[in-house]
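Each chain carries a letter (A, B, C and D) given by its place in the written order, and its residues are counted from 1.
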Amino acid sequence: MDKRRYFLKKIANAVLTIVLVASFNFALFRILPGDPARLLLPKGKQPPEAVEKQRKAFNLDKPLWQQFIYYWGDTLQGEFGTSFSEKRPVSEVVAERIWPTVLLVGVGTIFATLIGMISGVFAGWRRNGTFDVVTTNLGMVFYSMPTFWFGLLMIMLFATELQWFPTGRMEEPGADLQGWDQIVSLVKHLFLPAFTFAISYVGEYHIIMRSSITGVMTEDFTLTARAKGLSDNKVLWKHVMPNALLPTVTIVMMNIGFVMSGAILSETVFNWPGLGLLAYESMEKRDYPVMQAVFLIASIAVILANLIADIMYYYLDPRVES
Amino acid sequence: MIPRRFVNWLLLWTPVVWLVLTLCTYPKNRPLIIDPQIYPPGEAPSASFSSLIGGFFAPTVANYPAWILVLAAVCVVALGAVGLVRRRKAVTMNVMLLVMGAVFAVWGLDAGGGLGGWQAGGRLGEHGWAFQTAVVVLAALCIYFWARANPERAALTTWNTHQIWRLYRANWQGMLGLYIMVFFGLLALLAPFLADHMMLDPNSQVGTTYAPPTSSYYMWLGTDQVGQSVLAEFIWSARISLVVGLLATAISTLLGAGIGIAAGFYGGWQSEVWMRLTDAFLVIPWLPLAMVLAAAWGQNFWMIILIIGITSWPGTARVVRSDTLRVRELQFIERARAIGSSNGHIMTKHVLPNVFPLIFANTVLVVAIAILSETTLSFLGLGDPLNFSWGTMLHYAWANGAAGLPAWWYLLPPGIAIVLVVLAFTFIGTAFDEVLDPKLRKREESDDRAKKRGGKSPEVAVAAAGGAVTAAGLGAGPAAGPETDKGGDR
Amino acid sequence: MAGDEQQTTQATPGGESLTVTGGPVDRRAPTEPGGTYDGGRVSTEDLATADVTDGVLYKVRDLEVYFPIHQSFFKSMVATEKKYVKAVDRVSLDIKQGEILAVVGESGCGKTTIGRTLLRLEEATGGHILYKELPVERFTQRTLREYRKKAQIIFQDPYNSINPKQTIFDIVAEPLEVSGLVSGEHEKEERVVKAISEAGLRPATEYLYRYPHELSGGQRQRVCIAGATVLDPDMIVADEPVASLDVSIRNDILKLMVDQKETLGVTYLFITHDLSLAWVISDRIAVMYLGRIVEIGDTEEVVSNPKHPYTKALISVIPVPDPLAKREHVILQGETPNPVDIPSGCRFHPRCPEAIDACREIEPTDVHIGGDHYAACIRLT
Amino acid sequence: MSATATSAAAKTTERIEHEGLLEVRDLCTYFKLSQGWVHAVEDVSFSVSRGESLGLAGESGCGKTTAALSVLKLLPENGRIVSGEILFDGRNLTKRTEYGMSKIRWKEISMIFQGAMNALNPVQETGKQIAEPIMLHEGVSESKALDRARELFELVGINPKRVMEYPHQLSGGMRQRAMIAMALACNPKLIIGDEPTTALDVMVQAQILELIQRLRTELDLSFILISHDLSVMAETCDKGVIMYAGKIVESGSAEHLFRNPQHPYTRQLIKSFPNIHEKREMVSSIQGDPPNLLEPPPGCRFAPRCDERVADCAAVDPARIEVEPGHFVSCHLFKEAT
């Protein structure tokens, strides 16, 4: 299979999945119990005329197939309706929450990937050594830990007791910092949420990388590399690593797609004004239009991450071509 | 001859199973230690031996919905009848099964309120404990008579189980996980004795708001934001966390294993359809979806289980599918086809037994994930407000600023319990993964590979040598050895 | 489906008479291809009454097994002709009752496909297989189930071909259960014990409740053979049965096959890549190259007096355990071509050391050498 | 620093007199398992002279591969050379450090592994894998090394244009040829072929064996062939060693071994291979299974399966006896012969 066809196939697949998920999103809010028009209104007083208006606004009075077409039209234009807690377009609400999440998730992911994978490589290379036993068991503890609980412990320890870091938010309320101070403040606010976010993935990446390395090390070509007189380091980085990365990349990318789950917990605990907190708030307020949008964004993130994984795989594994 | 060990197991496990079943439905409020201050004056009950024993015969025990009992009756009778028609060796066992089916039927009738106004969901029976005891005893007898009729197979089963247990015991992580699980399992089962259920009543304050721990029993873990005993909440939470985890896993495994095997076993478009479905579910981020569903469907115990169950199956489906694909390529499947076996036969007799170890190990791992999921949903405030779980506790702790106080006695216990339980299940799952599968498989593969390549690599050769040792050790009856037919000297 | 020549020989579901004649390749060995069959589908009654008349159990005529190459949906829409892997390309041969016929060839020559097609584990895309004069491709599902009691297969790898989760008893008893031949447990046990002892695992009761991993490779292969003979089949296709066994135990398995041929009257189709093994036990040898039989005949005759250049080369490179027997090796250059693009004329001509110009154009037919011996090479005419 | 110190230490032990290019003396290699030590190779001695080819044959699990890997000290972590000496070209390899060994590996002793698909790194171009040891041991640039890889491809009969293809793009036979090219990369003095033709078709096997023979005479190489197939060994090797359960049972020139086999095991094993130039007959298999090397039987390891065993066999380890010049047998049947 040549390169273009491979990429086209993968992209077509991704687009197809996005269509499926978006349709699922459409269906989800219509199979839920209750009148969708009522669901799309704030709880409490729901005057019939408002419900009727809502019905019109969302074309809920039309047959289902027409609703489906309207839904697609709106979605493609980035129209998700009006948030009834904030009384402005959902797209606006979501847009201003994206960047904090990208920052948090980006920093957290980079650290988690680097630390987890590197420690995994060394643990796998010297399997059953002291380093391996310590890090792998620690990794399993991290993996078993609820993110939010770890966050609460961090707050308790570093914010309440030691007061090294603030308990939450992205900036001090009321403070108007400029330049360097602003960056320092941001980093201080970022540290605990990003650390909490990262720690839950470190364990997982460590375990995956370790088992991948140990698997590759039993392959015959590792023996060939040693027989060629290569030093251990060269064997590890030139022969074992490229092969061990293959299975790992897929899983790591897959996980990166699922950042939303981690973001929701980390942001909720630390009051970080990102999409995750938005998801929590809108759920609390039963703000369905926002939830719908967040859900769609989260799904698309996963699909795109998968697509990137497929593309990376193409460059990492020459066997994909045939 | 039935192996002695087999009989011993039966004698040990029959009462254990009975006890566990009974404790699950034991009346909630028979505590050993009672704090009279939460009761209105003069109304505090007293802990007595007779009330403890009486609990085992209480009407709540084994009070299952009638339709479940009728279903069980139908299944058991069918099993026995098929055995009799097919002229299986274990005749007595099949008769016992019919008797058991009759007991179930009478029980179902009783639980549904008798012939007159039978209700499928009725909870009217009062003699559940007696029926349950009868059914457990009959089941044990069935197993006993099966072994009587098939002594070789009973010996084989005993031997296999013992081997698995031996291998498992050698795995320290697995054993650690088992100990932790037994601890929390006992905590959950014995909750009616350990903590007064009245303590969970919103009006049952044992101290001031956020009072730190003291030596008084219900104050061991201090109080929460309204002055209730954290210890009591903690103990009763174990039940919900474990039950939600187990039931959600049951749903997830049934869905995942079923779809995984179907997708792996059937080729062509059927596989495609199942895999597309799995893929689509795999890319749906589970937490936002669960939040949407929980918000819309409302917060209750069964909803949480259902939500976790239907959002966690795709992972299982993937793993099971790839293992099914591996098994499907093995030649004994082809051999079965060449004999003329039907798909159903191949799936149940060949694919399932070979995929089962993986499903089992995976199931244990899914329990860990399900418990974490429950905790997460409850923490976000989506849990059942009527039933405390560790996640709910953390939700209240967080929502009421326990971290800022810091009320560590409120934050730490549920979190540590979650970590320990999840870790325990992960350890057990990994241990089973190693014990049930690779050890057996590695052994087979290794001598297989050594044979094929003519002593390929020393590792393989050595593994084969090791395999020979284990295989010889496994030989149940005669010594596994040279081909005894041609005058080999053994 | 695969071309014009196939259309003419395709089984017609209607009721008209089907006459089997030789195609371009006419291999009339050792008996004339009679084989007329009247009627449409073959019912179980037909199978029950069928009998071997002229000592030939199977007549394979112009058998074609083509596998379509998987192409993407779009490409298959555009492509004018479909491509096929021609695993078996117009093969005709007879399998006599009670003989061991060895099919020898390199990997990918189609020898395994022939065996599998005989059992209908693979569907023929053209040609006929007559089992006791009945066309196998016309068997109904019920007939097929009956037929599968009569024809069994043994696979190469005794580690993979038995279910590690079953006991030896279950493995050998499975064919009995599936076919529903026995009713009670006791009869089943008797037959299983008999088959296991016949396969050389004695005393059989020692082995019944053991798992495969407790047995050595040779013992496992015996279990496979027991599983095949428990139904009293006419025919066993043995697909490289000793290829994955240690040399020191191979011979016993081969011996067992010869014994069973003699005592139980089982016919064996012995598929192997190793000509020297075929030489040891078979009555006749068929040498295959790229989906075609190039030479067939009495084993001793073919090995001592090979006629086809491919057979000659193959025999010349068989290593022998004798350092002084340095013989002239005829080493063919290159590798076997892809069975998708088969060379024109004689398919062996690009690698043939004796090829002449005509080989490029003329597709060789069988040349009768003498006795049962035929070879497909134009230079022999 | 430590590297120079160790190589200096290694130098003092170097330059030892021994016969031939490689001499293995009383080598014992064991593997540690949880159940104990596996005596995979015990008291194995053999030697190879310059330009000579030696065959190492036996059934699966007899320790032939372990013996070969011991020479390069490439044993897995749980393997250990317990005693014995490996002398190569005037140097004692048993005393060498890992660093010292890496100078010898491939530069002077290279290996052809079985199953080139697994022995070649699937994600690296074949040519680069061949160039790698050249760059490492000769310190040349990558382009020079790749040029050499092209020459090697030509030498083993693959189109040099395919040098930058990945292993999966080559056919089975070509991969094995590439593996041979790789083994020749640094002009080694000794090549060890571990089942180089197993799993290949007869015709490709013949091609590969012919190639090895041709290169051997052209380049004056020493060659050790490890094979379970005695007939392959008979056709390619000048002399041979037959191993059983970790021990050598018989050794000598190919003519000795195949025309005048003395040990009962050798005789039975040779008979197991059909010879189409002789009368067709069905021989029996060797009964029984090889012993468990965790607890090898006392005395002769073949005794439990031997038809000709005498009283001593099960108790006393047979001595190595020279039955004719250069032909050694370890068997009690030959006690009186000396």
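In this text, contacts are C-beta pairs under 8 Å (C-beta built on N, C-alpha and C of every residue); 3 or more make two chains touch, one makes a residue touch a chain.
Predicted model, so just to flag it, every value in this text is computed and none were measured.
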Most central chain, judged by mean Cα position vs. mean of all protein Cα atoms, is B
In terms of CA centroids, furthest away from chain C sits chain A
Rounded to the nearest Å, the gap between Cα centres of chain C and chain D is 37
Rounded to the nearest Å, the gap separating the Cα centres of chain A and chain B is 31
Taking each chain's centre as the mean of its CA atoms, chain B sits from chain C at a distance in Å of 50
Chain B to chain D, mean C-alpha position gap in Å, rounds to 53
Within chain B, the set of residues that touch 2 or more other chains is 451, 454, 457, 459, 472, 482-483, 486
The positions of chain C in contact with two or more other chains are 216, 218, 246, 249, 252
Note: chain D residues in touch with at least two other chains are 59-60, 115, 228-229, 284, 289
Contacts from chain D onto chain A in the complex sit at residues 72, 74, 101-107, 110-111, 113, 115, 118-124, 132-133, 136-137, 166, 168-169
Residue set of chain B touching chain C in the complex reads 87-89, 152-153, 155-156, 330-332, 334-342, 345, 349-350, 353-354, 440, 443-444, 447-448, 451-452, 454, 467, 471-472, 474-478, 480, 482-486
In the complex, chain B touches chain A at residues 279-280, 283-289, 291-292, 295-297, 368, 372, 375-376, 379-382, 391, 394, 397-398, 402-406, 408, 411-412, 414-415, 418-419, 422-423, 426-427, 457, 459
As the complex stands, chain C meets chain B at residues 119, 121, 144-145, 148-149, 152-153, 155-157, 159-167, 174-175, 178-179, 183-185, 200-203, 206, 208-219, 222, 224, 227, 244-246, 249, 252
Within their complex, chain A touches chain B through residues 17, 20-21, 24, 28, 32-34, 39, 140-141, 143-146, 148-149, 152-153, 155-156, 159-161, 167, 218, 220, 223, 257-258, 260-261, 264-265, 268-269, 279-280, 283-284, 286, 291-292, 294-295, 298-299, 301-303, 306
